[in-house]
């Protein structure tokens, strides 16, 4: 089953209200939304903005697979995700994940699962542009230093 | 510190988009929103609508205390909650909780903590009105049958 | 002593009523309420009590001028 | 063989370039890439590889007509 939430990558601002408004289901008692937003500082340095690069075709494929897996694993009514590409200002949303299920435990767990996997696995990279003019590619996932395999990841929240 | 999110009880529809739009903070990398919505069935019976009754002054006090506690416990930038009173239609939001923190673990954990405590402790009651014309008061919290004390609760997600 | 009850307790009592008997604590109040409607006994054992928007327990000394709010188990959300 | 690289790898290589040497698997490709820029060695050891939008491992037999995409560790979100 393919996610009906539409595009998982967005070159412009994410319409969070629109996505949330579309995420109701008569059988869902619980809707959980996660918004990953750009903070004003990173490692003690003032951030000017972020810039996201994606290997688009593959990012879509990876995220779609994650959503399908989560939907099946937790019997979700709704699972959608959208990730920004390009420049994202401080305070703006870089990624949103919405899950809906009959009861709340599943919606929370699935939401966390989806964002964790997107962050580790989707071929999307952030470049931090600092207020001092310097820039630096993010390198969040370094699971390979433990697992010895760039394809094997470790998650805080699930096995 | 008192929550600046405004009223915690609402006799009319909850403005989820407005609450979410107000829940950005430059130091918050993670925003989590929970929406508790009215399902179309309960215990196998078709639901027509719900009606929430609250002991208003005390519900406000209890929810405000829960928000302050969560804010301190997880160093949240934002913690807001709003609960409906009166009639709520199937698919509509009965309660919303929004948390924002530097990193996502805290926003998820605090969000879950807040909704769990609201459901167990805030003096708010739902009356299920079924499609067949019958009605029934909800009785979700029966922790006292285990703890022997109506003031002592058991939570799925935290100690 | 004024009593306010909510939700399912309204199936057993008026939403607001007076108790004339002298009751010193919540256990004594519960005993009096059961004499008014013994079907309420099980639910009363699961209720919390409040005075002036503060929860009280059986240690709290009730005053004849208090308004006691009886709070069934929450079912919000 | 066409190579596409992303993100931090662009500090070491052009975004798209050709490798003329015959390489049969990703280990051999990495070895060739290190001869082009030995500073990329550490990062390459943390990268995943893909052909036609599918991840591949070292078992996959590379074809000289393949386009290989080299994928540094994700840092989305």
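For reference, chains read A, B, C and D in written order, and residue numbers begin at 1 within each chain.
Assume a contact is a pair of C-beta atoms (placed from the backbone, for glycine too) under 8 Å apart; a residue touches a chain by one contact, two chains touch by 3 or more.
Fair warning: this is a prediction, and the values are worked out from it, not measured in the lab.
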For this session: Quickly list, by label, the chains bordering both chain A and chain C.
Result: B
Exercise. Hey, how far is the Cα centre of chain A from the one of chain B, in Å?
Worked result: 25
For this session: Please report how many Å separate the Cα centroid of chain C from that of chain D, as a whole number.
Result: 73
Problem set entry | Junction residues of chain D - those touching two or more other chains | none
For this session: At least two other chains touched by the same residue of chain A: list those residues.
Result: 36, 115
For this session: Write out all the pairs of touching chains, ordered by chain label.
Result: A-B, A-D, B-C
Exercise. Of all residues in chain A, which touch chain D in the complex?
Worked result: 36, 52-55, 57-59, 61, 83, 94-95, 115, 118-127, 137-145, 150-151
Exercise. Any idea which chain C residues touch chain B in the complex?
Worked result: 6-8, 11, 45-48, 50, 53, 55, 57, 69, 71-77
Exercise. Which part of chain A faces chain B closely enough to touch in the complex?
Worked result: 16-17, 20-21, 24-41, 90-91, 102, 104-105, 107-108, 111-112, 115, 156-157
